[in-house]
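Below is one structure, written out as structure tokens; the observations come after it.
Chains here go by letter, A, B and C, matching the order in which they are written, and residues are numbered from 1 within each.
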Amino acid sequence: MFEVRFHGRGGQGAVMAAQTLAEAAVIEGRHAHAFPFFGAERRGAPVMAFARIDDEKISIKSQVYEPDLLVVLDESLIDIEPVARGLKKDGKAVVNTRKSPQEIDLGVEVECATVNANAIALEFLKAPIVNTAILGAVARITDLVSIGSMKQAIENRFGEKFGEAAARINIGAAEAAYEQASVGLCQGRRPLVIKREWLPDWRDIPIGNSLSAGIKDGVMVGPGGARQNLTGSWRMQTPHYDQEKCVRCLRCWFTCPEGCIKREDDDHVRWDLNYCKGCGICSQVCPVTAIDMIKGGSR
Amino acid sequence: MSTIKDMPRNDPFTSGHGACAGCGMAVAVKNIMRILGENTTVYVPASCLIVISAMYPTTNFRTPYLYTAFENTGAVITGIRAAQRRRGLSSTVVGLAGDGGTFDIGLQALSGAAERNEDVLYVCLDNEGYMNTGIQRSGATPFGAWTTTSPVGNVVKGKREFKKDLMAIIAAHDPPYAASLSIAHFNDFVKKVEKAKNKKGFRFLHVMTPCVPGWRSDPSMTVEISRLAVETGMWTLFEIEEGSSRTTYRPQTMLPVTDYLKLQGRFRHMENDDIAKLQDWLCRKWYIHYGHEAEQPVCAVFEKRKPMRTPQEEQLHFI
Amino acid sequence: MKVRVISADHAVAYAAKIARTEVIPSFPITPQTLIVEQLAEFISNGELDADFIPADSEHSVMSIAIGASAGGVRVFTATSSQGLALMHEMLYCVPQNRLPIVMANVNRSLGAASGIWVEYNDSMAERDSGWLQLYVEDNQEALDATLMAFRLAEDRRVLLPVMICLDGFILSHTVEKVELPEQEEMDNFLPKYDPLNILDPADPKVINPIIPPEYAMEMRYQLDRAIEHSREVIVEVEKEFAKAFGRSYGGLIDTYRMEDAKFAMLTLGTATGLARRTVDEMRAEGKKAGLIKLRFMRPFPFKELCEATKDLKSLGVFDRSVSFNGGGPVHTEVAASLCNVPVTVTGHIAGIGGRDITPRHMRDMYDLVEKATKGEDVRKVTWHGLRGDME
């Protein structure tokens, strides 16, 4: 059995990628399944999806903990999550990045295909939905499915949902990624640090589904504790503030959905970029263009 | 408190929530909580808000917070307020519900609380659909809009029904205070929340909260879309106080609805017939709210065949 | 103490009154309505200082109850049948949040082939919700059980909601002699409510956010154990009640002439009185009959039943409800709990949809149970009073 784990962000199409890979395997006469991590994540938040491929009917329904193939749809996830956790020593990886495999440090040294799926998606789809491009690179690095079956699967799934034209464009993106992907060994130096969690025994959970604000096992709990989620890691563009131009109208402070714009005593503002998701509302509402959105995220 | 500048600086609704970038609901909730302050008790029914802000073991609300189900906001806040009053607490008890939880499944409990004139604040965060479950149509979804349950097919294209006039239903309960708010009309927003906070009895706030994935809009345009909603008549800013209604902001001239539609993918498929139908509906709504004095150029077609209404009908739509 | 001739609905309302209930959300449904009417009257006469909240539905009743209980006050309400079913969603919120709401459910049939008459299907359908659930035999027990319910529910070792189930019409609308305790006696028995988790901005708590899989399982187990541990408190509260009011009911189960019994019926609700009478009748005939009265359906008296039935040859279980194609729910639970006792267990369904249960029916049940002691073949489940032969 061959197991695949996809890491992406809500809206990038990780689930659709997993489903399409499974369909490609079925086209080749094998058994396969695909499913998302059933969370409640929103656009931009880290998400996971899983796929399994085998010659027999697949009876296991658990999540994938030790993947043979790791697919990272968003490079920035490598810095915020131990994406390569459990990846088999002889496993493989596909990463959406403009870098070469040698420049990528996943924390496990494996054969890795890198491809600038963002650029390909923008060229073909005019949107940063990288799932079909990344599948081209998957076909390239593994002999799991042929690029032909992958194209057929894209046609089936995308054609059915979005129409023939959309299917054609997505096939184009997959083909381009298949051609452009570079394959090599990635680095394995990064420690795969597991996120700290409070996981008490049943006796230690405060009764009544209730919590006061506090710290438990090093993590915040209770009212207001969600501020430990540094959502700035979702950001793809970053506000640049020109204080000289600012007329202190506070429109940006009012309309920032994250509450990450802080108000100084004199009503100038500053950003807590730990939380900025880069939506660009502040720039849009600014009456004097004192805020520009600059391409690029938290790192 | 009457302008942005008067607002407190601290955030009872903290950063670090899981809303999509550019979420209109997050803008509304953050500012409502700033104005209500920390002496507030929050109830949130099933909605995007609970999912993005209250996953055990944390929440983004620094205030007391309760969740139970989808359809019972009006009822649960009634109970909380009764208990807090008996315990001598003065906290503002607020229910922050979505449009599905208000227009549809929660309408009965809402009506009960309004009819009993419970001393609570009910806020409807209206993103015009069941966005939490993946964008399904609700009674709040506007005419023509795409959702997953009002899909754009070869035969039927988008929602066929017009948005339910929720505020007329609220007005029929004769509440001490009810108002519609826009996140793009800042000082109007501040004044209304402040007013709602300080009134006694049943208070209702209806806020338009654009939804980036559900409306298929650019994250940076959330506030601009709210502004255009008011300028085109898709949203009207008014308040109902002790039985009388007044608009709190009047656009100079009515912009054509296409200015609003074109920023949102959910309307992209709309053909001229449907756009004209929506424009007609808006013109009728416009004259109900703002009166007939100034004829709007975009309503010229509508003007020619303006239906006459009986006084009873006028009364029914007094808001 | 005063003696009055009143209905069980009145008795339950009186109990809620002297418990100094603070919030009473209500919605009318026959045959419960007399309870909330009586409470409304107490309040309007100034005999009870409580918020009476006439809700828009039973779903809202339980929602208001949850809000008020989480707000930190003592809450009582009452319902029946379809009303309880409409509450179903909200019932499940209460035990997990550990809110000690006390509710009377006046049993009435549910669903299609519906009527307003007694049947236990309404409350039996909620036995998995985490509420403590008990059934009463007469008006005095309805009153006493309600009084005890507050103390049990609010005990810090328990903190669980309690549902008192009483037969529609047979109790709710029947007047009989009831001893009414004085307010002062009740004040001595029931301490002031001291809530654990409350919604108060001075000490902000989050109650019941979304619970992900990392926590839900532990929370469910915690609740399961809390229900288990409520057994000891039930026995303790019973003792305290006996001390204060001079009446006792035996805890989770009560037994009658079981010392040397060879066969017995297990009953709940008003049928128990009839069974008691039948036992006497059979004893007079020299037959070793006995009776087990099931008081609590939750916590389920596993240990107590094993102990009570260990010398029996045959046990019949009475059900006034049907788990379609599965016999009666009490029967299946009792049968499952007696795995180590070599007793023949048979099910006896009667009184469905409010059909009157006569002394003849009860005697028929006992006769069948006795027959089983002789090794004769007895049907696993018998419907008593059914027209036409059973298949």
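Details
Everything below uses one rule, namely that contacts are C-beta pairs under 8 Å (C-beta built on N, C-alpha and C of every residue); 3 or more make two chains touch, one makes a residue touch a chain.
All values reported here derive from a predicted model rather than from experimental measurement.
Taken chain by chain, the contacts link every pair, so each chain touches all the others. In this assembly, the chain whose C-alpha centre lies farthest from chain C is A.
Among the chains, the centre nearest to the mean of all shown protein C-alpha atoms is found for B. The chain pair with more C-beta contacts between its two chains, of B-C and A-C, is B-C. For the pair chain A and chain B, the distance between mean C-alpha positions equals 32 Å. The mean-CA centres of chain B and chain C are about 44 angstrom from one another, to the nearest whole unit. Averaged Cα coordinates give chain A a centre that lies 53 Å from the centre of chain C. Residue positions 40, 209, 211, 213, 222-223 of chain A each touch two or more of the other chains. Shared interface positions of chain C, defined as residues touching 2 or more other chains, are 204-211, 215. For chain B, the set of residues touching two or more other chains reads 51, 54-59, 61-65. Contact residues on chain C toward chain B in their complex (touch as defined above): 22-23, 25, 51, 53-57, 59-61, 63-73, 75, 89-90, 93, 198-201, 204-212, 215. Those residues of chain C that touch chain A in the complex are listed here as 96-99, 159, 196-197, 203-211, 214-215, 217-219, 221-222, 225-226. Across the interface of their complex, chain B is touched by residues 10-11, 40-45, 198, 209, 211, 213, 216, 219-231, 234-235, 249-251, 253-260, 263, 267, 272, 274-275, 277-281, 283-285, 293 of chain A. By the touch criterion given at the top, residues 38-41, 43, 50-51, 54-59, 61-69, 71-72, 74-87, 89, 91, 108-109, 111-112, 115-116 of chain B touch chain C in their complex.
Those residues of chain B that touch chain A in the shared complex are 4-5, 7, 9, 11, 13-24, 26-27, 30-31, 48, 51-65, 183-184, 186, 212-213, 218-224.
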